Structures are given as structure tokens and as C-alpha cells.
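Each structure below appears as C-alpha cells.
The two complexes that follow have chain A in common; it is paired with chain B in the first and with chain C in the second.
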Partner chain A sequence: MYTQLAWRNIWRNPRRTLIILTAIFIGVASMIFLASLMRGMMEGMVDNAIDNLTGHIRIRHPDFRNDPSVENRIPDPDSLIKEIKPLLPGGARIVERILVDGVINTSRENAGVIMVGIEPEKEKNCSFIGDAPLEGQFFSDDDKNGIVIGRALLEKLGTRINRKVVLMSQRADGEIASRAFRIRGVYRSQMSDTEKTFVFVPLHTARKMLMLGEDATEIGITLPGDRMADTDLSPLTESLSERLTDRVVVVEDWRQMLPAMNAYLEMFDAFLYIWYLVVFVAMGFGIVNTVLMAVYERMREFGLLKALGMRPIRIFWMVLRETLFLLAVGMGMGNLVALVGIHLLSGTGIDLTAFAKGVEMWGISRVILPVVTAGDFLTANLTVLILGLVVGIYPAIKAARFTPVETMRHV
Partner chain B sequence: MVSVSVTDVEKSYRQGDVTVSALSGITISVEKGEFMALAGPSGSGKTTLLNMIGGLDLPDRGEIIVDGRNFRQMKSGDLADLRLRRIGFVFQAYNLIPVLTAEENVEYILRLQGVEKAKRKKRVRAILEEVGLSGMLDRKPSELSGGQQQRVAVARAIVSNPAIVLADEPTANLDSKNGEKLLELMKTMNREKAVTFIFSTHDAMVMEHARRIVHIRDGCVADDQRKES
Partner chain C sequence: MDDFFIAWRNVWRNPRRSILTMLAVAFSAMLLVFMLSFQFGSYEDMINASVKLNTGHLQVQANGYIDKKEMRKVVPDPGAVIAALEKLPGITGISPRGEAFALASGAGRTRGVMVMGVDPDREKGVSILPGQIRKGEYLKKGDHNVAVIGTLLAQRLHVGIGDELTLLGQARDGSVAATIVTIKGIYRAGIDAFDRSTLQMPFIDFDEVFAMEGAAHSVVVAADRLRTAGRIGKTARALPALAGLSVLGWEELMPGLKQSIQMDLVSGIIMYLILIIVVAFSILNTFLMAIFERTREFGVLMAIGTRPGRLVRMMLTESMLMTSMGLGLGILLGAGITLFFSVYGIDLGGAGEMLAEFGIEGRLYPRLSFISLFSGPLLVLVITFFTALYPALRIPGLKLVEALRAV
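Showing the complex of A and B:
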């Protein structure tokens, strides 16, 4: 009967109840929905960063970060791969690459680039270039002078597919190497800076051009599974490092390679909690106001209940139960609307192409897909529920403290 | 057997900067099964005395004993329990819970007492039938007339078989016909269930029904009349 009474009490003034329910439902829906967009944006940033030839784990010469030249390379990468393979989970993909700074020239223009020697087939599901939309075609394994460049670089150089370009870079012996390539294909990526920076040539051609024998400048490892933003790779990185102690290499996971991104991720949850709190503060005032108004309107009734022998603690719980109903109904509606919104956007996402320049600067994808986690869902709901009940305590105490004599005099 | 004993009770209130004396050393003794009216003009102290006897307010001085329990020696929780189990209230303004039906309003007291559902339902229906509202169980207070609402209030007051029913001007908001009916009902309950009824009034017609009339004036007992039955 107490539950029934509380439920009926909240519908005494339907308009007021509907207004506060709307506030709770909008608050909860926006908490979940915006959290899903923020998380989607953040995971997109992580995916972009990992895709951008970073990989989940990368093995390089210790000096390569400060001096990215072919002098700081990994000798005999094939035997290194054989050594580490047993430590990696099934489905992990390993690629060898050569990354060096270079200059690309046409007859009229030139640009500083990073020349990347790759094996195209192995790059699939490892980096953006393996799956990037392509005009023209990729070079084949036996192609000796094919090159794939980005759409933005193509436009900057004022050239087109099948035209020749010349790449220049430093060889292993310190001399400058230059070699003519023919543009086989033009790729697109999430970010135009990527399109301007990276040019791709066959791994064997890069080795020959730079006189590297069978060496590589890096070994990239891509692990199976999604949601790497939440995965701690340090145990695997440490075990790989231990296995390779006799080699002059450094093993880093993407968090170590991208410390700024890692710091952002660590702050993300704090941002989310602050956001929840801001929304709740606005909502909390509404809840207190509504329940307090309802309590003062029913002063006589609380006095009556006390006169009839109801103990103050029961009045307290009755009023708190009314707050609980308001929260539960508002949260139910909010969750439903948020989930429907997320479901509707899960296929297409939010297209930020119109703001491409701005979002690229931060490494954000042009299309943001919402990502909802059980944790975010639970946190938003628990925040509203627990804080809602906390703010509901004040009107409940007020109701419990009315004395029958004082309320009977109240008209 | 004494049901209510009020001895030398004083009570004063602050009204702004002025202290108003509501009861000035009043002493009354009420026997079990009495049907007694507290009569007097507005502001004479009738409602204050009823509130004291009901344990809704405590005296500044003096002693109140109801059903053998001295209020001075009781904690507020025990007083609430005493009100719940031994005292029934009927108010001038009906004071029913508007979101509950007639049946639920009466049942609420038994629910607070922890009476099990089947027993509750049985007793509530029986008592509502006794007060002539058996066909109106599902009606909310807003769907009942003033007389019907006050009958529900009487049913609520007596459903738990209390020792005393305190009624503060129970007929004040009713027309004379409905007032008469209500008093007849209260008298029947008093007679059949041996419940002590103490009610306040300044209506001469209501006083005629009482077997004892205590006149209160300026917070003191001015006269105490008993009628021969």
C-alpha cells in the first residue's frame, strides 16, 4: 500500500510531475547519449592513431625515435619475428616496414614526405593503408617502381595517376639515393595530413634503393580484438622485451608511443564524471523543488498521518519513495530514448566532414560512431539514482518533522 | 473505570510577542464508555484539550493519563503507537487521504498496525457496512459527499477498536441532517462497541446527544453536566 500511495501521490499534480520527469529523462538521455558520442570519438581517435602505422605494439631501434634514419634499423627482422611469434596471441598480425624521411619531386613541385616500404597484402587489417579507399591500384609484389600517394599530396604536386615522381632519401651508406616511381594509385584517409605525409612503395624496392639488405626500420604488431582503448598491453610488451634482451631494439605499445593520447584517455573518465555532475546539478534543483512543493502542499496530510500514529521514519520513507518513483520513471524514459538514438546513429554515425579541418587537428575521425559501454550506462544511471535520492532526503526530512498541531493550523 | 484522566493541565502558546494561555489548570476525568461533549465558544481551549488527550501536544504543566498510560513518561514513538492502537481521531475537515479510496483510507490504519491483508479487508468492509458505505468502497474522497466523507473518517477512527475516539467539531462542516446522522452513528458505535467518545462542539443540537457536557471557558472547566440515561 505504501508503494501504491507513493505512486498515486506523484500523479496528484500530473503537469508538475511531467515537467520534472521531462527534466530527468532529458538529463539521463543526454548523459548516456553524449557519453556514447564522446567515447565513440575517443575510440575513433585511438583507432586512427593505431591505424596510422603505429600498430598496437611496435619494435624499433632504441635511437629511431630521436633520429629516424636508416642507420637506426633492425638487422635480420625475419629471425626476430620467428622469436616473438610464440609469445603473441593467435590472430596477431606482424609486418615489417621501412620508414624514412624523404623528398618527392615532380617536374614542377616537391614536398617533404615519409617514404614507407611495405608489403601491401600484409598491411590489410594492420594499418589504414591496407584498407584505404584507393583510386587506381596498389603495386603488386613484383612491381619495382610503383608508388601509392595520398589524394592531398597528389593535388599539392599537381600530378595524376600513372605520372612519374622521383623520391629522394638517405641511403645506409649516408649517400643520397634517388629513384623514379610511377604513381599506381591514390589513397584517401581520415585525415588530409596523413595523405600529404605518407607515400608507399614496395618493401623490396625501398630496401634496394636504400641499400638495406634484408633489414627493416620497424616491426609492427596488430593484435586481434576490439576496444584496445581499454586493454592493458604492458604485460605482453614486457614479455616481448624480455625475450629480445640480446637485441638492440625497444618494444613499445601504443600507449607508450602516444603519451599525449594516453594522458587524454586517462582524463576522459574524469571529464565524463564532471559532465554527469553538471547535468545532475541542474536536474537536482528541479527534483528538490518539485518534491518540496509537493511536501508543503500536503502539510496537513503529513500532520494527519502523524496524528493517526504513523512514525516520522515511515513518512520519511514514503516521501523518499516518491522521489525514487520520479527518478525511476525519468531514468527509464531517458535510457530508452538514449538507446534508440544510439541505435539509429550506430549505422551512419555523425558526419563531421563539414568541420574536417578542425576535427583532423585533434585526430578525430570525420564520422563519429557512438559507443556505449555497460560502465558508462551504469555510471550515468547510478549517478542520477544515488544523487537523486540524496537530494530527496531534504524534503523527506521536512515532511517527517511536521507536527500534527502545527499542520492542522495550516490552511 | 477511568479512561482519561486530565489533572491540573496548563498550556500556553506564543502568538508573536504575546503569550496566550489556552488551558489554565484544567482537571477532568472520563469514564470508559462515556459519550462526552466538550462545549464552549471558539478559543475556549476545546481543541487544545483534545490535542492533549490525543497526545498530539504535551502540556506545560499537569498530568494526562489515557488508557492507564501517563504521557509524561512516554517517548514520542510510544505516543505514536498509543495513538495508532488506542485512540481514534475524527477531524472537522474530514482529513482523508485524497489519493486513497474509502476502503483504502480505513485500511491504512490497519496496514500501519501490521494487520495481515485478509483480516484487514474483512474488518474494513464490515466497518464500512456498519457506517452505511458498503457500496462506496472504491470511491475517492472527492467522489463522496461531506457526510459520507465524515462517515469514512468515523470508520477509520473505530476500525482498530480504540479505547477512545476524539472528534474535533465533527459536524461543523455538515448540514443539520447529515450532522444528526453522524451523531447517531457515533452513539451507536459508543453503545455497541463501548468506545469512549469525546467530542468538541459549540452547537446546541450536538450537545443534546451527549450524556455528559463539560463546558470550557478561558481554559478552565466552567460546568460539568451529566444527563440521566
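Showing the complex of A and C:
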């Protein structure tokens, strides 16, 4: 019965109720909607970074990070891969790569690049280069001097497919190696900086050129599945490290490779929850005021109810229930609108091409797709519900305290 | 005038309700002041970090150099450009530079580096880098065959003070440029990407090694304030000595930065608007209640001859009084919090590392400015005004007889 009373009481003043409902609904909808957009941006950032040859897990020589030269390489990578393969989930892709700094020369220009020796077939579904849009073609298995560069680099050097370039880098014995390559293909990527930096050559050519035998500078592992931004890879990396304790390598997941980004993601979570609080406080004032007004309007009524014998605690619960209904309806509408909006947006996403250069600077994708996590959703709703009930306590107590004598005198 | 006092007293007829309304407005105002100060403070920090380290406020370059950094695109007579610019007010430093890409070989390591030819005396006026030397000394006029490099680059190349570096690159005329330099100083730039990849040598040496024939790739200009740089740029473009050359401001020199700032600003504005709208709806009820409670009162007042317009104005005055007091409180609180943090800074922890790559320290300092202090509250004022308008405009529509009979 009290539930019915509470519900009907709200609608006694429809305009007032509708107005506060609008406040709650806009607040909740914006919380969820904004959260999904920002999370989408974060995921995009992480995906870009991982895709950008970082991979999910990377195995390298411990000194390579501070001193990225071929001196710090992994001997006998093939046997290492055999050892760890059983530890990885099905669908994981493992590749060997050689990554070194180098300089690319044409007759007119030169530029600093990172030379990457790869096996193109293995890179498919593994890193961005495996699936990048390509003009021309990749080098075949027996191609000894093919090279694939980015479109931005092609333009910078002022050259074309099928022309020659010279790559210089430092070999294992410390001397400078230089070798001529022919441009077989031109790739495109999300960021023009990537296109200007990475040049790809056949793995075996890199090995010969730099006198590396059968070695590699890194082993990259890409794991199946999405939502990598949320998954904790440390159990896997630990088990891999244990397996490889007799080798001079270090196993890192992307969070360890990009600690700054990791910290940024965590900061972002905190920021989002603070934002929720802020929006709630903005709503909160309205909720308190509205329920308070409703209570004061019905002062006589409460006094009468008390005179008739209704216990104060029941009055308290009745008013609190009114607040609950306000919150519930507002949240319901807010959630609905937010989810519909997200659904509509998940087709095309938000296009940031107008801010292309800025977006590149931070490594965000150009198109943001919203991402709804259960966590964000729940937190938003719980914040509003719990805090809403907490602020609703004040008017409810007021209502329960009216004595018949003091209220009867009021109009 | 009496209406004003009546409005004031009306506000306090229901103290609790009025205070809640004021607090709602104060809260949003305070938040806006703080957040905007924070945003603008970080923007300025980011811009200044790059400007003061490397790009300067303006640069004079050959047309098209910014898009494609070819050795051949030069400023042929930097001396004339400098002489012309020196006459302009508001400029605190002018320095010519040459830039070339080269391979640097140290004791067993080789890397590609960006070689910068700088004027040792003038460079101090446009960049803080000369002051960032951690080991050894910066370049001096008259030095030959020496260079200064970044800490991270020194680490990568396994070299220190006194070691030699071989530089191998391409000169302006396409021939091979080669030289050996001794490391005189090592700096900590603050922007990691810069620190890892640059080397500075005296302009005279650069000129010789890279066959520049006295030309420079850019003339860097420092202004006394970020704001005046735009105006100086305009004046500079008109100078005859600069005909055929481009004058670029920081926005063109760092388009990525400008756009990230724009992006951040836009998303910030969207969030603030949502917040203000929520607050507006929150207090709409207060304003409405204030009218409906007093319907009888309005009826009586109109019956004795008060014009509806006067009542509308009185209602608006009441609403605006509450709003203004709320805004005043909010501005004070917001300014207080901002000032507190502008001294102590906000620690970003690990995320600070990511920003350190861009030259911003790990602590962010919000900065109070005219815009950050007043634009947020102004927006709140405008939106609240319209919120108050809706209920107030219902007064003229009241039917006198019904109003008198209301409870």
C-alpha cells in the first residue's frame, strides 16, 4: 500500500516531478554516454599502441630497451618459440622480428627510420603491417632486396614504387652496413608518423645485412580477443618468464612496455568517477529541493496522518520511497536514451578527422566508437541511486518529525 | 528601487530553499572556474614547453619548408631578416638556425640525429636549452668542431664529455657532408623526443660542413608574451626583407598541439554545458515553486493595480539575486581552490610520465585568468536567466479572479 501511495504522491504535481525527472535523466544519460565515448577513445589509443608493433607481449634482451642496438639480441629464437608455444592460448600469433635504427637514403633526401625485418605472412592478424592497406605488394619469400615503406615516407623522399633506396644501419660487429633495396610496396597506417618511421624488409635479408645469423631482436606475441585494455596479462607473462629463466631475455606485456599509457588509463578511471560525482551533486541539489518542497506542501497531511496513528518511521519510509521512484524513473529514462544513443553511434562512431593532427599526437584513432562497460554502467547508476537516497533522507526525516499540533495551524 | 528591497526580502522568506538554490549555482560556478583554470593552465604549459625549448614564438622560413624539410629550402640572407626584425617592438630574441639529418657515430654506436646549427650567443635569447646543460658547457662564440647533445642521445651513443662523434650527412648541394665533433656539453631538454635525437653545433661550423653558403633554414623569434606573437607575426610578414618567405606561428609549427588543444576545449565545453543544464533543471523547480506558492499574493497585488510587467521584473530580480549570490560564492571558492593548487600543483603520478614526454612536468598547475574566472560563471548566469524567465513569464497569464481564489 505504501508503495502505491508513494507512486501516486509523486504524480500529484506532474510538472514539478517532470522537471526533476528531466534533471536526473539528462544527468544519468550524459554520465553513461560520455563514459562510453571516453572509453572508446582509450581503447582506440591502446589498440593503436599495441598494433604499432608493440604487440600484447614482447620478449627481448633485457638491455634492449635502453640500448636498442643489435648487440642486445636474442640468440636462437626458434627454439625459444618452441618452448613457449604450449604456454600460450590457442589463436595466439608469434613472430620474430629484427628492429634497428637506420637511415634511408635516396639521391635527394635522407631520413632516420626504424628498419624492421619481418616475415610478412606471419604478421597477418598480428600487427598493423600484416593487414595494412598496401599499394604494390609485399616481398615474396625469396625476395632478397625488397622493401616496403609508408606512404608519408615515400612522399617525403620524393620517390616511387620500384625505385631504389639505400638503407644504412649498424651491424653486429659495430661497422656500418649499407645495402640497396627496391621499393616493392607502399603501406598506409593510421598515423603518418608511423608511415614515416617504419620500413619493412625481409627478415632473412636483415639478418644477412647485419650479420645476425639466425638471431632476432624481439619476439612478438599477439593474443586473440578484444578488450585488451581491460585484461590483465601478468599471469601469462609470469609463466612465460619462468619458462625462460635460463635465457637472457625479459618478457613484458604492453602495460609494462608503455607504463605512461598505463598510468594514463588508470588516471582516466579516477577522473570518470569524479565526474560522476560532480554530475550527481548538480542533480542532488535539485532532488533535495524538490522533495523538500513536496513535503512542506503536504505538512498538514503528515500531521493528520500522525494524528490518526501512523508511526513516524512509516512516514519516513513513504517519503523515501517517493525519492526512490523519482530516481528510478529518471535513471530508467536516462539509461534508455544513453543506450539508444550509443547503439546509433556504434555504426559510424564520431569522426575526428577535423582534428587529425592533434589526434595523431596522442595516438588516438580518427574514428571513436563508443564502448560500454558493465563497470561504468553500474557505477553510474549506483552512484545516482545510493547518493540520491542519501540526500532523500533529509526531507524524509523532516516529514516524519511534523507533529499534528504544529501542522494543523498551517494552511 | 523599493522593488529591489521587496525582492530581496522575498528571497529570504524561505531561507532553506533559497540557500539550496544558491549552493547549486555556487557549486557549478566553482567547478567551472577551477576546471577552466586547470585546462587553460595546462594548455599554456604545453605550448610554452615547446615554444621555449625549440620552436620559439615565430619562425621565418622558406616557403614550403614546414611541409617538406628539404636542405635546399633556405632563408638566403638571415642577416637581413634579423636586422629587419630587430626593429620591431616586443621581440626578445632572434636567432638563425640550420637543420640537417645526419648519422652520428660514437664509440661503437650509430644513430640518426637532427643536427642543428645555432648561433651560440643568440640562441640563448630564443630557447631555454642553453640553460639546460647538465654536464659540461654550452657552445660559445668562437668554438669550432664541438657539439652539445641530449642526455638520452648520449646514453644511446655510449658517449660522454670529451668523446668524439663522427657526423655523416648530405649537404645543401647534395654532396657528402662529414665532420668530427667533440662533445662539449650534455643537456636535458625536458621533451624526451627532442632529447633523444638532437645535436647542436655552432652555426659557422654547420655552414661549412653542410655547404649552406651563409643561408639558414629558419630564423627563430621569441616574443615577450604568447599573446603578442600573433601581432608581431602580422607586422613581420609585411616587411620587405621578408618578401618571399613564410612567417609561421606556433600553431603552424606544431599543428598537432593546436588541434589537441581544440579537441580538449570542445569536449570540455560539452561536458560543462551538460553540467549547467542539469543544474538549471535542478533549480527550475525552485523558481516555479516560488511563483505557484504566491499565486494569491500576485492576485492581490494585481487587483490593487500592480502591472503584471512589474511583477515579472520583481520575480526575475529575485531569481537573479539568488543566482548572483551563488555565482559570487562560487567564483570566490573557485578562485580560492585554484590559487591554492596553482601554488602547490596537482600531482598526476604515473600519468605525469606520459606528459613528461611532451615537456610538461608531472605536476599540473591551474592558472587563474580573466577568461577562466568569468566565462564559466557568465555562462551559468545566462542559462539561469532563461531558466528563471519561463516561470516568471507565466505571471501575466494569471487570471485575476482565479488567482485570488487560490490557496
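Everything below uses one rule, namely that the second predicted complex is superposed on the first by the 411 of 411 C-alpha atoms of A that agree within 3 Å, B and C clash if a C-alpha of one lies under 4 Å from a C-alpha of the other, contacts with A are read in each partner's own complex, and residues count from 1 in each chain.
We take it that a residue touches a chain if its C-beta (ideal position, glycine included) is under 8 Å from a C-beta of that chain, and two chains touch if they have at least 3 such contacts.
Fair warning: this is a prediction, and the values are worked out from it, not measured in the lab.
Trainee: If you count the residues of chain A that each partner touches, which comes out higher, chain B or chain C?
Mentor: C
Trainee: Check the residue A:R300 against both partner chains and state whether it touches chain B (first), chain C (second), both, or neither.
Mentor: first
Trainee: If we overlay the two complexes on their shared chain A, which of chain B and chain C does A:L87 touch? Say first, second, both or neither.
Mentor: Touch partners of A:L87: none, neither chain B nor chain C.
Trainee: Taking the superposition as given, does A:L308 touch the first partner, chain B, the second, chain C, both, or neither?
Mentor: first
Trainee: Give one of first, second, both or neither to describe whether A:L5 is in contact with chain B, with chain C, with both, or with none.
Mentor: Once the two structures are laid over each other on A, A:L5 reaches chain B alone.
Trainee: Give one of first, second, both or neither to describe whether A:I274 is in contact with chain B, with chain C, with both, or with none.
Mentor: Neither: A:I274 stays clear of chain B and chain C.
Trainee: Determine where on chain A the residues touched by chain B overlap those touched by chain C, and list them.
Mentor: none
Trainee: In the complex formed with chain A, which residues of chain C make contact?
Mentor: Checking each residue of chain C against chain A gives 16-17, 20-21, 23-24, 27-28, 31, 68, 70, 101, 103, 105, 108-114, 155-156, 158, 169-170, 174, 197, 255-263, 271, 274-275, 277-279, 281-286, 288-289, 348-354, 356-357, 407.
Trainee: State the interface residues of chain A toward chain C in the complex, per the touch definition above.
Mentor: These residues of chain A touch chain C: 15-16, 19-20, 22-23, 26-27, 30, 34, 66-69, 101-103, 105, 107-113, 156, 168-170, 174, 176, 259-264, 266-267, 275, 278-279, 281-283, 285-290, 292-293, 352, 355-362, 411.
Trainee: Provide the residue numbers of chain B that touch chain A in the complex, in ascending order.
Mentor: 51, 54, 56-57, 77, 80-85, 87, 89, 91, 93, 95, 97-100, 104, 107-109, 111-112, 156
Trainee: Mind listing the chain A positions that touch chain B in their complex?
Mentor: 1-2, 4-5, 8-9, 11-12, 300-301, 304-311, 314, 403-405, 408
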